[in-house]
Structures are given as structure tokens and as C-alpha cells.
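Next come two complexes, and both contain subunit A; in the first it sits with subunit B, in the second with subunit C.
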Partner chain A sequence: MSIDRRQFLKIAGISSLLGIGATAASATHNVWIKGIEPPQVEPGKEALTAEHWAMVVDMSKFKTEEDIKKAVSACHTTHNVPDFGNIKDEIKWIWKEKYESAFPDQENPYMEEKIKEMPFIVLCNHCENPACVRVCPTQATFKRKQDGIVMMDMHRCIGCRFCMAACPYGARSFNYRDPRPFIKNENKEYPTRTKGVVEKCTFCTERLAVGKIPACVEAAPKGGLIFGDLADRNSEIRKIVETRYTIRRKAELGTGPSVYYLIGGNEHA
Partner chain B sequence: MLEKALVGSKKYWVWVAFLGFFALSGLYYYLQQFKYGLGLTGLSRDVSWGLYIGQFTFLVGVAASAVMLVIPHYLHDYKKFSKIVILGEFLAIAAVTMCILFIFVDMGQPMRIMNVVLHPTLNSVMFWDSVVLSGYLFLNLMIGWVTLSSDRKGVAPPKWIKPLIYLSVPWAVSIHTVTAFLYAGLPGRHFWLSAVMAARFLASAFAGGPALLIILALIVRKVTKFDPGKEPIQTLGVIVTYAMFANVFLLGLEFFTAFYSNIPGHMESFKYLYAGLHGHNELVPMMWTSSIFALVSLVMLLIPSIRRNEVTLSFACIMLFISLWIDKGFGLIIGGFVPNMMNQIRPYWPTRQESIITLGVWAIGFLILTFLYKIAVSVREETAGVEIEH
Partner chain C sequence: MKLYDGGKILIGLVIFIAFAAFPFYFNIGKVNAKPEPKLDTPVILQMPEQERKCVEPKAFMRTEHMQLLNNWRDSVVRDGYRQYVSEASGKHFNMSLQNECMRCHANKKKFCDECHNYMAVKPYCWDCHIAPKEDDRS
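Our next item is the complex of A and B:
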């Protein structure tokens, strides 16, 4: 999806007429000059770029629950993810699941107890063939051409939740009510959302644009989350995926998830 | 002709006021939902579609079923349907309107509904669903209105309406096929990922819609001077029987594939719905009610003496309608979301507000149906005894 100045003005104009486009107007000055899409941050000189952003989760590096909590809360505080304190309204971008939930149908009764009980980090897989993007009736969720990140345009989303039905990973959350009163310490650098739209992990596009690695990667134990360009033969992530045995969640569905898991916990795994 | 909906007996206005009360109650709670968000419903991140989308799906079927009158009447020249084909077309109008309203009340950002038109997305089934549904509404409005006006004037309908009538046949099939594709093309939702989904949808539609029409025709005969006739109702009864048989057969196919293959992902939703899973059996009584009603009504319809008796026929139709409503308006949607993508059970049950909004939309639909039927019946009463070829 690309957009020119004319189209953008059309969208911004009509959405402001409908009284919903307050932020669309403020993003204008970047968007039409650089030809980037409305929800994106204009990349600076120091921006990190890639052809195919991907992540390896090395479970051996997460020693305690605390290690996981750090990564999760770094993401949720950075992105103003609200905490409602109940499952029904729950919104989450990155969280932990047991092996049997993260990899259903791949467990066996004789598995090592440690792996069975180990909390696995799960998040949006930024799929190569994202089902959520295929079903969205307004292109409010779309795959960024330059680096494969699956993004959300919060100002275009109509809240039909087709993407939530389509995502095989349960990676998407819906704002069932106004999230703002439930954000403990609002990060003024990142927008909050309104009720009635879907949201999810964005691989921290706003941080990549200013040369920072994703918040969860920064907060995780060293080497726990490896983030990089899978298309680059010399990148660390590519070397790991080439030399170690990794698994992906529900790869059999053909979605092409970009998050890989190292499970074994030792070099020979 | 519209003025005919504005004059009526006291009974007529009491009925309109009754529906109006429910419509306004629904509107009241909808305004609350509009303000608070969809958190007012029982939906969650795990079960993200519920009662609203279930009603939408079910009513697309009711709308499509008008074709069961249009095909015999216009393609096979089955004259007996000439008086009641208008009842089918007007039912379709009311049903499509309810579909659109259910989609609207389900939206998180209803004020952005025009985004679907502003950013047409050809790869989204939902985009196509909005195209075919609005097209179908237009077709039925045109056809119903033009043919009824001609009847009233005692002339044959204009020739240009014929192509639209023929177009409405594949169009009716398309609305329910596309609606099935909303579900049947999603990776990871094994319960929905079935090639017979669209066929099942059509079969259940062609059973449920005409069953409702039989009930409506009998009511029309009772409360007005217009008699839809005995024979058309019997023909509809036969149509319902065949379609219901196909529907039960297709559901059986789903069970076979799931349980003979023994693949957990394919079995789990069925287990949750019909037997309970991991201690959760919230929907089991409902689903068994649906199954029993389906079988009993099918057996009743298969026995000629029961089918030919209008009293027992209407009982069978009511049971059949309830059965299909549970199966398609509720179980089908919830079963797709439970267990969730992490193989966990997060049950769903509609809230009071959500149920009243749902009732409100049905009431609006029945108000539209009442007005349209009032018009059709008034015209029929005026032209009683006059037979027109079309």
C-alpha cells in the first residue's frame, strides 16, 4: 500500500470531517513529503533498517520469571498498554505462555518437566503471509514493504475484529473500552489508543526509526531476544537460524512466522 | 403504496407499538455501548465475535432463502407461488437490513464505516460481503416494489425487471457463500476451516428461511383477509424438508471428518459444544436442544400426514427454526473461538445489554417486515380474485 499526497489529504480530510482524525492532521507534515504511511514515524539518519526484521527467542537465557517480566513490562510501559486487571478486557502485546499453549499439538507426555513448565515469550510473529492483513477490509493492518513489519493504522481501523479471528497466534487485542484511565505511567512519547480499535506488537517501529532496538530486546537478558535482519547473510540472527535447530509457532499454516524459538537450552540442542 | 403502512386496525398499531418498545430499548442500550465501547458485551480478546455476528450470519441465510420462491416461480413458471413470492422478497429486505444493523452494532468504530468504501480492499472477504449484501438489498427492493406496483395497477410488470429477477438468483447464493467464506478461509480456526461450510450455510438457509416463511404466511392468513393459499405452503414444506435433510447430512459430514481423522484441533470445538471440554460445558444443553429439535422436526416433516397438517407443520417449522438459530446464530460462531489459539478455554456468554440490543435489532427488522407485509397484504386484499401473469 502506498499513498500520495492527494490520497492522504483525502483520508485526512474525510476522517476529520467524521471527527476522528485529530492525530491524522498532526502527522501530515512528515507523511506527504517522505511518502511514508500515516501511522509510521519518519526514520532519522540513525534509523535501523532491514529487509526482513525477525526475532529469535533463546529460552536458555531466561533463567527466572523475573527475566520475562522485565521484557514484557518494558514493552507495555513504552507503548502505553493498559492494565485492566481482568481477562475479558485484557490487552497485551507480548506475554508468556506454557509450551503446550505456545506450541499446541507439539507436546508429548514424556517431555522434560523443565520445558513443560517453562514460560515461553509470545508476541506477534510478523508473518511473511499474514492472515490478518489478508482479511482486513480497510488495509488498517498492513505489511510494511521495506522491512516486512506488520503494522496497524489506529486511525483507519473500524474495529470489525476480522483480524483477531484470522490471527492463528492470538496476537491481537481489542480496546473494549477507553484504555486511557488504565495506563499507569503514560509515556508521552508514544500515542495512546482510543476504544474500539485493534492493537498489537509493532516490533517497535518508532524505536527503529531513531536507531534503537525494540524495547523487549533491550530489557531481556543478554542474548535472550535476538533481533535482526533475516535477509542479511552476515547478521547474527541469520547465523543462529542457519546453524541451530529452531522452531516456529504453527509454521504448518503457511503464515511464515518471523519469530524463531531456540528451546533446548544448550549448544547441541 | 407506502401510505398503506400508515393505516391499520387497532391491533396493527398495538403490534407496531410492541415492536417499537423493543426497538427503543435496544437503541437505549446501544447508545450506552456507543459511549462505553464493546466492553459492554461479553466479548473478549479470545472470543472476539459473539451474538451480533451470529445473528448477522443467521439472517444472511434468511435473506438468501427468498430464492427458494423466486426459482420455482420465475424459472419454472410455478404459478402457485405468484401470490407469496412477494412475501419472500420482502422478508429478504427485512433480513438484509437486520444484517447491516448487526454489523453496525458490532463495530468498534461505527463512525468509520465509510472506510470500507474509501479503501476498497479486494483481498478482504468482508469487503465483498458488504458489496453483495448491499446489492442484494437493492435487487429485492427494486423487484418487490416494481412487481407489487404492477399488481396493484392490474398490469404485467415491466420487461426490464426480468433480468434483475434472474440476477437475484445467483446473487442470493452469492451472499451466503461469501458470508461462509468469512469463516472458511482462516488458518488456524479448524472448526471453520471446512470446504462444506458454504454448502452447509446454503442448506440451513434454504431450510430455515422457508420455515419462517411458512409461519409468517399462516399468521398473514389468520390476521388479514389475504390467504396465501394451501398449496404454496405445502410446496414450501417440501422445500424445507429437502433442505433440512441436506443440512443435517452436511453437519454429519463435519462430525465424520473431525472424529474419524482424530485430529485434536478438529475435534475440540465439537467436544466443547456437544460434550464439554476441560470441565467447561456451558453450551452443551443448547447444542443438544438444537440437535434434538433438528432431528424431531426432520422426522415430522418426512411423515406426509404430519407435514400436510398445517398445525403440526407449523410446530415442525418452529422447532426447525429454533434449532438452526442455535446452531448457526450462536454455536457456530462461539465454537470457532473456543478453544482459543492457545488451546485454552475462555467461555463467552452475552450480557444483558448485548441481548437487549440484539432484541432491538430484531424488533427493527420485524417493524420493517410488518410495514412491508402490511403494504403487500393491502394490495392483495384490493386485487383479490384478479389473476395477473408475470
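Our next item is the complex of A and C:
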């Protein structure tokens, strides 16, 4: 028996309708393929939330290099940052920098010696318009919509290092070697990284999620690092940025860094 | 029909078959041993009988745990949601392989590796996540 054109179209029409129905039915069963969304997941009760997390570094509070070291080592031990012992492979989330390297645009040959020689504490600026996010081919690094933190998804990082080339602050480090053997005291509650991924400061998202402030802020001298919501008019950080003169690193590049530096300190303010 | 050099050919065939079949008789009884993931960690044993339940039902976890973990990761890293509400029991769980799953299943070798080795899958979880310390008594 052969079918004519009319019969063929009928059968084709009915079977495609059935096909659409079948995919719709199976979609409800495959909720796991699509991912989970609220109310299946929650942020957690104690979580600290903000619209725009930002930091102010009050340089007057960092009197010695020891003060900076405290903040750095608090961060690096919490996040299992390895110490390879050589500057070529170095991995850093937060570190000490000279004025001329931190603020090359603010150069001035007759600047106060004291400021020129001050050790600055620098970290990822969690930019409003992050260059690293723009170049990442896998969206392994991305800007969190809810609070503006520039995050890393280590599972997705393919180690292309475009982000390192794009970041004007040198805030990203690449794992040229397996970091595991070079971590002195493993924090068992935080993962390490593997060879071939880029890492950087995450503003301690894992600590914010359980109601703690970032590790560096906790370890720094009181008031040295001020962390808060820049979008909140009543927050301490917003008041400081509004009432006192602060500078940001390479702001002219248009990245919109979220880390502000109070340099004059108390005596000039 | 006559088979020339029959003896040599037959001996050769026997040797060939013995070689070719080596993997089969060498592994008799070994490979067929079913993987038996152990659930006897101290933390699990301390729980009262009725509360000894995973995040979701056992059958679901057995077939979909990779998908669940994948979604957990996306949820935690990308969306910032860290609490999971179980579909089965309504209980809350911290979405963390290292801190939540392994809190009960502290026996990675007897729990994770048991099946993964059998299936010859090599998930790269432990390249970064730190596995719990295990004593080698088992």
C-alpha cells in the first residue's frame, strides 16, 4: 500500500504534535538537568548581603609592614593559597605594593617621601566594569548580579589567562604548578586549586555566606580595612567615601574599582 | 582435504587462544565482584535509625548524585545560594561536597571510589576539594 500526499501530511502533523507533547512531558521530569532554583535553594539565614560590596583601605592604620603581613597571611591561610617560595610562580590574593606600582597614574616627583615609601595593601578591586569578565571565554569569571563581587568558578576555568592579561591591577595569579604540596596548613573547610587555573580574591564569599566579614578585614588593625555596602547610604563605608578624599587605583581606565584608599590619614583629613 | 603442517598450526592456535583469552580467565571472579559502597562511618552509625537519610532518597542519589552536585556547584558559586531544601524531607543542607557530603560519608575510599573504580570513571572532585583523612584500617 502506498500513501498519498494528504495521508503523509496527516501522519507527519500528528506525530510532530505528539513529539512536542512528549518533550514537554519529559522536561518536567528533567528538573535536574536544568538546575535548581528557589525555593529549592536559599541563601542561608546568617548570610551578609549587600548591593555593592566595597572596601576602604585607611593607610593611616597600617603603621608597619607587620600590619599588612597579618592581613595577607590571614587571607592566604584561609584560602589555601600556596607559597612556592619564588616570585615567578607566586600566587597572591592580597599583597603589599609600592606606591609607584599601585598608583602609577598619580606620579609626582615632589611627593611627600612618607607616602612614596608607604607599603600599600592591594587586592582584587571587584570592578564595576571588570575587564577580566569581558575577556573570559568560558564565563569562569563573572560578576555576581546580587552584590557585585567578581567571582571565579574554578570548575570552568580552562587556564587561558586572558583575564590575567586584561586585569590592569595584576590581581590574578596562575597555577603553573600543582599547588597542593606547597600549602603549609591546609584549611580543611576550603578547597585548594589545581594546576592550570587562575585564582584571585573573592571578597570571601564563603565567609559572607555564613555571616562573617572577610578574613583580611578581621585580621587587619582595627579600622584599617573597612568593608561594607557602598549602595547603602547609611553604611560606614559610604559615609567615608562621601566625606573624605579617597583615591582608587587606575580609575581613569574606566573599570570602576570598588577598593578605595584613604591616604591623607587623620592629620590631613 | 588435507591440512599441511597440521601439528604446528594446532599448537599455534592453542597458544594464540591461550594468549587472547588471558584477560578473561585471569579476571574470573574478580571483576564480577559488585561494588559495595560502605555506609558505616561513625557519624552515620551515631544517627538514630530513622534519621539515617541522605539529602534525597537513596535511589535518586545513586543515579543522580552527579547531577545534584553539579547543580549545587552552580547554585553556590554562581547564584550565592548555599542552603538546599530537600525535596524528600524538607530538611536544610549546606551545599558543600567537602563540608557536608563528606561529614557523613567520611570514607571516600569505600564510598566514592568503590563504584567509581568499578565504573572506571574518574571525577576530578579531589583535585581541588580536600578529602577527609582516612585511617587505613579497612
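Just so it is clear, the second predicted complex is superposed on the first by the 223 of 269 C-alpha atoms of A that agree within 3 Å, B and C clash if a C-alpha of one lies under 4 Å from a C-alpha of the other, contacts with A are read in each partner's own complex, and residues count from 1 in each chain.
One rule holds in what follows: contacts are C-beta pairs under 8 Å (C-beta built on N, C-alpha and C of every residue); 3 or more make two chains touch, one makes a residue touch a chain.
Note that the structure is a prediction, hence the values are computed from the model and not measured.
Student: One more residue to check, A:K188. First (subunit B), second (subunit C), both or neither?
Tutor: In the superposed model, A:K188 contacts subunit C only, not subunit B.
Student: Figure out whether A:P104 sits in contact with subunit B (first) or subunit C (second), or with both, or with neither.
Tutor: In the superposed model, A:P104 contacts subunit B only, not subunit C.
Student: Given the touch rule stated above, what does A:A47 touch, subunit B (first), subunit C (second), both, or neither?
Tutor: Only subunit C; A:A47 stays clear of subunit B.
Student: Given the touch rule stated above, what does A:L253 touch, subunit B (first), subunit C (second), both, or neither?
Tutor: The answer is first: A:L253 touches subunit B but not subunit C.
Student: Have a look at where A:G211 lands relative to subunit B and subunit C in the superposition and call it first, second, both or neither.
Tutor: A:G211 contacts neither subunit B nor subunit C.
Student: Which holds for A:G223: it touches subunit B only (first), subunit C only (second), both, or neither?
Tutor: neither
Student: Residues of subunit A touched by subunit B versus by subunit C: which partner has the larger set?
Tutor: B
Student: Tell me the contact category for A:G159 with respect to subunit B and subunit C: first, second, both or neither.
Tutor: A:G159: touches subunit B, not subunit C.
Student: Do subunit B and subunit C touch any of the same residues on subunit A, and if so, which?
Tutor: Comparing the two interfaces on subunit A, one with subunit B and one with subunit C, the shared residues are 194.
Student: In the complex of these two chains, what residues of subunit A are touching subunit C?
Tutor: 32-33, 35-36, 38-45, 47, 142, 144, 146-147, 151, 153-155, 186, 188-194, 205, 209-210
Student: Inside the complex, what are the residues of subunit B that reach subunit A?
Tutor: 36-39, 41-46, 48-49, 103, 106-116, 118-119, 121, 123-127, 130, 182-183, 186-189, 264-265, 336-337, 340-344, 346
Student: Please give the residue numbers of subunit A that touch subunit B in the complex, ascending.
Tutor: Touch residues, subunit A against subunit B: 10-11, 14-15, 18-20, 87-92, 97, 100-102, 104-105, 131, 134-140, 156-162, 164-170, 172-178, 194-198, 250, 253-255.
Student: Applying the document's contact rule, which stretches of subunit C touch subunit A when the two form their complex?
Tutor: For this pair, the touching residues of subunit C are 64, 67-68, 71-75, 77-85, 87, 92, 94-95, 98-99, 124, 127-130, 132.
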